[in-house]
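Below are two complexes that have chain A in common, paired first with chain B and then with chain C.
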Partner chain A sequence: MKRRVSPAESVAAHAVMVIAVAFALYPVLWVVALAFSGARPPAPHVLPLPTSPTLRPLLDVGGASRDGTWLFGRQLMNSIVVALATAGVGVGIAIPAAYALARFTVLGKEGGVRALLATQMFPTVASAVPLYLLLDALGLLNSRTGLVVCYASTSVPFAIFQLRAAFEAIPADLEEAAMVDGATRFEAFLRVVLPAARPAIAVTALFAFMSAYNEFILAATLLGREEMFTLPVVLQRFVGEYDAQWEHFAAGALVVSIPVMALFYVAQRHLVAGLTSGGVKG
Partner chain B sequence: MKRSPRFVAAIVALVAAMLCATSAIAAPMRLWHAYRGEEQRALETLVKQYAPGEVELLALPYDAFGSKLAAAIPLGDGPDLFIDAHERLGDYRARRLVAPVGDALDEAAPFSAPALQAVQLDGQAFAVPLSQKCVALYVNTDLVRDDPRELEDLVALRATLPKDVFPLAYEAQGAYAHAAILAAFGGQLLDASDQLAFVGPAAERSVELVRGLLDQRVVPEDADGSLVTNLFRSGKAAFAISGPWLAADLGSAKELHYRVALLPRIRATGQLMRPLLTVESVMMSPKGAARAEVRALARKLASAEAASLRARVARTLPARGDVELPSGDRFLGTFAAQAALAIPMPSSRAMRATWEPVNRALRKVLRRDATAEVALAEAKRRFDDVRRPLPPPASPAPLAVLIGLGALVGAFQLVRSARDADYGAALRRSLPAYRYVLHAVIAIGVLVMLPLTIGAGTSLFAGGAGDTRYVGIANFVSILTARGGSLLSSGSFYLVLAVTCVWTVVNLFFHVTIGVALALVLSRPIMRLRAMYRVLLIIPWAVPSYVTALAWKGMFHRQFGAVTGVILGLNDLLGTHLEPIAWFSSFTTAFTANVATNVWLGFPFMMVVTLGALTGVPEEVLEAAEVDGATRWQRLRLVTLPMIRPTLMPSITLGAIWTFNMFNVVFLVSGGDPDGTTDILVSEAYRWAFTREAQYGYAAAYSVLIFLLLSGATRLSEWRRSAREARERAPVDAAAGAATAGVP
Partner chain C sequence: MASVHVRDLRKRFGKTEVLKGVSVEVPNGSFAVLVGPSGCGKSTLLRTLAGLEEADEGTIHFDDRDVTRLAPRDRDIAMVFQSYALYPHLTVRDNLAFGLRLRKTPEAEIAARVAEASETLGLGPLLERLPKALSGGQRQRVAMGRAIVRRPSLFLFDEPLSNLDAALRAQVRVDIRKLHDRLGATSVYVTHDQVEAMTLADVIFVLNKGVVEQAGAPLEVFDRPATKFVAAFLGSPAMNFVDVRIERAEGGFRAAGQRGLSVALDAATFGDSLEDGRAAVLGVRPHEVELGEGGVSLAVDLVEALGPESYAHGDLGGGAFVARLDASSPVKKGEALPIRLRTVHLFDKETGTSLRGAR
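Our next item is the complex of A and B:
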């Protein structure tokens, strides 16, 4: 049966969408406009159009170099490498654990999952200092590895939640059939479960990537050399108390946002499926 | 593995080799600073000249500077020397981040008297002065010709200047700039015994004078540093009170003609305004101060030659008298004269606790939210609150007994379950699973549980480095009793909790309604451009949240924000005369700004989750309902919503937890303004940890309370959900039972 859709209803639906899209895009366009603005101070405008358009801010920010090395490039690489490593480590640790929680009888499962959810409720303000001492004990201060370790501490619990729900949503019959055909449990996991959970894994990895890519408080505290900095730390320096270089901040923000937006664009088709194969089930 | 003696010996040798290797190579000197622009360039030049190849320079964001020093130096990981303002010395010494400078301070050099005085603590020099900074009067010579003799003369300018030009721009709501006026009334911020002195008639009169200037539109409201810069640069202010940093910012503006002059007198008292003096100095960590080459570098950085280069390149004012200023530089000459009149900022630890209460009191009076007397009394109370004496040390005996009892019960349980045959069987059954979980358990145990437990444990301690003591539950008692004040006084735990709850509920309401509504529209059976709309609507989620937060803060900016642009556009279009709104000066508007930002950030997540949940609603059910004559609204309310609820609930729970602890938005958008009223529990905890004398124990106690509240709330909602599910299932089970009962 095909439902009738009246033209009026169609127009209303598109009107809602257009308003929502305008609300969603306005601040982003504002940042984009600022990034190409040559005028200081920025004048108040309704339409996000650059005043006296120029590429200066982008060139200033992107061209930062020191002693012959291209500093901005290094810092962009740092951000990407740290975020990729966080996503890899987080998902890598979480996959087997989430699988076990979804399929096996595990003594202490209830308690463990509860404890895991509880970690999400504790504000990081209190654990930042102990984490710092821990990294020092491991000799990982001032290093990208240390940063990855820190970020993994939040991405692993989150990834376990997500993936456990995803694995639970995959019918157990699939693996059982594979095992009847002579595969070991591990092979069944590798060949049957993992491919079926690919959207969820991709989305989980994307979240881990994003959270690491965007973090700046820990990064500013832990990293001690300019060529180690991640981009958020660099951007933070543009909006100081006395001299807010908004156009430089906006230009940096633009460059920072492009990789995540691209990843989101690629992953967005999986987003719906990946999130709701059980959702972020606690 | 059996540990052979040879293995142990090898380890020892390896460690010894590493130790030797590190001490044999001369470690580079590490120098940290927060300079930018010309000052940074000048420092780099000097370092290259004095110690080529031996110095590792690090430029840090100013906001992170103090906390990074505090974290790094005690671990031996920090800089050997660093450049900072002298007023932090008291705090740094108490935390053992600095050491006396010894021979780094050239005793024969003619350092200026205020500068020398500023770097002394108890008769010992703890820093080497480099340069001095204070505010002076900037004059736009295109707009006005003469310097004012008295500050009150500026009122007359109101009538002669164009309407959109302010006679004077300065940060009227900041304690730093206000101190100059306060001094002319004979007042000060902090007295010699480290008590807040911003009370009494002198302070009240100084605040009332400023309020008068604001009322007559002589001075702009809500001026922060960047607004002062912008107004003066664009010729919208005839005078500005600011420091040398303003000139650095004006550098590129060619159409602007200006000079600097001394701050005027105050007519009411006939006294000169005297600004606070900041002495930028080289400080040395205890490790650095022990190294001769580090002290030598500090000495060179403070030399007349270096000061002269800094004056030339970065136009900073030397802290010594024997530096020849670039010839004819009236700018530096005026600042030198002003510095000679300035009052060195107290460097005691208590000074850091004055800013927040005094700033808030100023803002309150200038917005006419309170009389000067009331606001100043409140500032005093706030100050005393932060500086309250440490609670007395408590006996750790009750804790030890508690831990002992816990261990005993645990051991007892363990023994009992070990004897239990079922338990053994269950354990054997789950053995294969542990292989999959083990590494995750270890990782989470070390990286998450351990820091959390230690963090939670900190809540039982008070005091800073060197004076840490176990105080039992004193921190909790103090928080829960609002530190002896009224339970609903501003900044009390209960008031902040109420704000946090309203914040969470309002945000969640908008997230869910907007998210669900958009998802319903998007999932209509025939929807053109669906994919495009979905991609565009997800964008807020993809942009880094600190970028978003700062962008929204910019949009709400009263002078150049986009929201103001919209209001002005409306005025043009409709001929109305709406005033631009000062978003962060009242609770309602500031809270609204925060909510708008966070709703923008959060609705795509709910939308995507709902889209997924909607795919689980079978089309047949909806069609059946339609056939049965259900209206569209009934179909939504009775079929669709109940069917997607189970999928949405977990996301809503998680969303509630995230919103409850949403630090970024509150901290970056409103920053707690006005007067800390929009702070939520997490940002309050952050303030205790990082801006109020590093009371980590107190902040940890806040964190533990947040944790208890959240876990209590989720437990409650889980319990209610399972009760409801049981209730809904009961009739079905009964019916099923009745049906099967008939079958033998």
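Our next item is the complex of A and C:
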């Protein structure tokens, strides 16, 4: 039963939410203001308003390059393709692994899971040099494939943990009911377990996508050619050692955010948890 | 429809032997109830019938078809789970149709069967809902519906009423039995509730520690329990047990207990098992007691008045004892109540087997 909320409570709750949202958005508004400002950054002021509003930075960043190719478009595609592939490969490998760990007796299960956890202890920087050498030997430097392989190697263990817990939360009764109803074990998995785990799978895929999309250190190490850059590397170049083009950095940051916001918008339906509730007793 | 023949079934989980040679015969079209306390193996037996657990030893036949090693989907069974196990992402309609779709039943046929089942169970207004939008009773009906659309030769029920409140449970119990009588398919039903067992069953199997203690028609098992365990398990309030010693007296045998308890034993009922000096357990159901001078007196220490009847709690022959009395009986706490025992049971002190002679 939902409790009825009094008007005073409602006003108070909304006031708190407005403050929280303002707190979170204020820096973002500054980025927006910067992105629409000219070469001279806006003066420090309470209200983040652009000085002499212009679309120049956005066009500089997102438009065609001097040589007529659309470099930024290619870099944006690099980022999206790499992030999607990381999410797909990571979740694709993690689903069967997590299901097996959740349901079956596997020799050395607990030891294996601990080893998996141990791989997560090392910071990415620690593996950057060995990965560089490995990818070089494999001829995968400067390639999206190489980057996806590296990203998936860190997203898979995390995804396995997430999904194992999700599969464990799905009652075995559901699969057994499907098997009595005429399904093979695989059909029961495909038609009952996977749909029931959809919110968890969506969240896990989104996490993998986001971490790959935002990753900088490996991308900066493994990608040397400009046309292979992903967006974090591109953005970093705008505020280089000698010449900080903050308006370009801000414009780039805005464009970078668009795919992520779109993704969250599309995924939010799947992110609503509790799809399994009600299947068994309750 | 099928008859079920289980022969000498054994199943162990790790070091624990859960089924220790169980044999069960269920005639075609009858309603069999497996009843027993938790851990007695009844659910394991049902899951082995379903094919969800594999038997270590023994055989299972449906009619003369050996299904012992068949996968669940090849057994032509339907099962109602304790948790209902409704598919959470499917509407009631799709839950009902799930099994038929897997078996590639034509859509027209599916629609007809779903309509028929929803008519039978009153699911019509719920068909487009998801399970999470249903009450417990509604979920239970959907689970039943999912079983009956399949038209299996055998229905399996795993404590289907245990998640319902008491009032609904009594109602659904009646509905299940009516449905069974209408469909005529063989049913095997697991419960730990002796009232469900008594009311639903054509044939009842009382399980204890992995073996069938007794099988038979419910009233026959109730009236002639083969062991002390069965006697204690069936009936509410439970049968009273008093330690006694069998003694030869003038005109036959008597059961003698502490505090001067002395009950005449019928030689025709107990036959050769009456031996002078044998240690035994006297069993008396609370409702087999009536007021009256019979040489037995109950030291009453509590009276529970339920309305139509009263329960007098007290001490008889050194043990706790409950007697069911008419509500009008003038009984007071502290009283020594003279009672007559209409029927007595006698069990071996060591083995707990009934001392009733073979009829």
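The working rule: the second predicted complex is superposed on the first by the 256 of 282 C-alpha atoms of A that agree within 3 Å, B and C clash if a C-alpha of one lies under 4 Å from a C-alpha of the other, contacts with A are read in each partner's own complex, and residues count from 1 in each chain.
Criterion: contacts are C-beta pairs under 8 Å (C-beta built on N, C-alpha and C of every residue); 3 or more make two chains touch, one makes a residue touch a chain.
What you are looking at is a predicted structure, and each value in this text was computed from that prediction instead of being measured.
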For A:Gly63 in the superposed arrangement: first (chain B), second (chain C), both or neither?
neither
I'd like to know which partner A:Pro53 touches here: chain B for first, chain C for second, both or neither.
neither
Scan A:Glu187 for contacts with chain B and chain C and give back first, second, both or neither.
second
Once the structures are superposed on A, label A:Pro195 by its partner contacts, choosing first (chain B), second (chain C), both or neither.
second
When the two structures are overlaid on chain A, which partner does A:Met179 contact: first (chain B), second (chain C), both, or neither?
second
Overlap the chain B and chain C contact sets on chain A and report the shared residues.
275-276, 279-282
Per the touch rule above, chain C residues touching chain A in the complex are 50-52, 71-73, 77-79, 81-89, 98-99, 102-103, 130-134, 136, 139, 146, 150, 156, 163
Flag every residue of chain A that touches chain C in the complex, lowest number first.
171, 173-174, 176-184, 187, 191-192, 195-196, 198, 274-282
Considering the complex alone, what residue numbers of chain B touch chain A?
36, 56, 58-64, 67-68, 71-72, 75, 77, 224-226, 229-230, 233-234, 245-246, 248-249, 423, 426-427, 429-430, 432-434, 436-437, 439-441, 443-444, 446-452, 454-456, 458-459, 514, 517-518, 521-522, 524-529, 533-548, 550-552, 554-555, 559-562, 564-566, 568-569, 600, 604, 608-609, 611-613, 615-616, 623, 647-648, 650-651, 653-654, 657, 661, 663, 682, 685-686, 689, 696, 699-700, 702-704, 706-707, 710-711, 714
Can you list the residues on chain A that touch chain B in the complex?
1, 3, 5, 10, 13-14, 16-17, 20-21, 23-28, 30-31, 34, 40-46, 48, 93-94, 96-97, 99-101, 103-107, 112, 115-123, 125-134, 136, 141-142, 149-150, 152-154, 156-157, 160, 210, 213-214, 216, 220-221, 224-226, 232-233, 235-237, 239-244, 246, 249-250, 253, 256-257, 260-261, 263-265, 268, 271-273, 275-276, 279-282
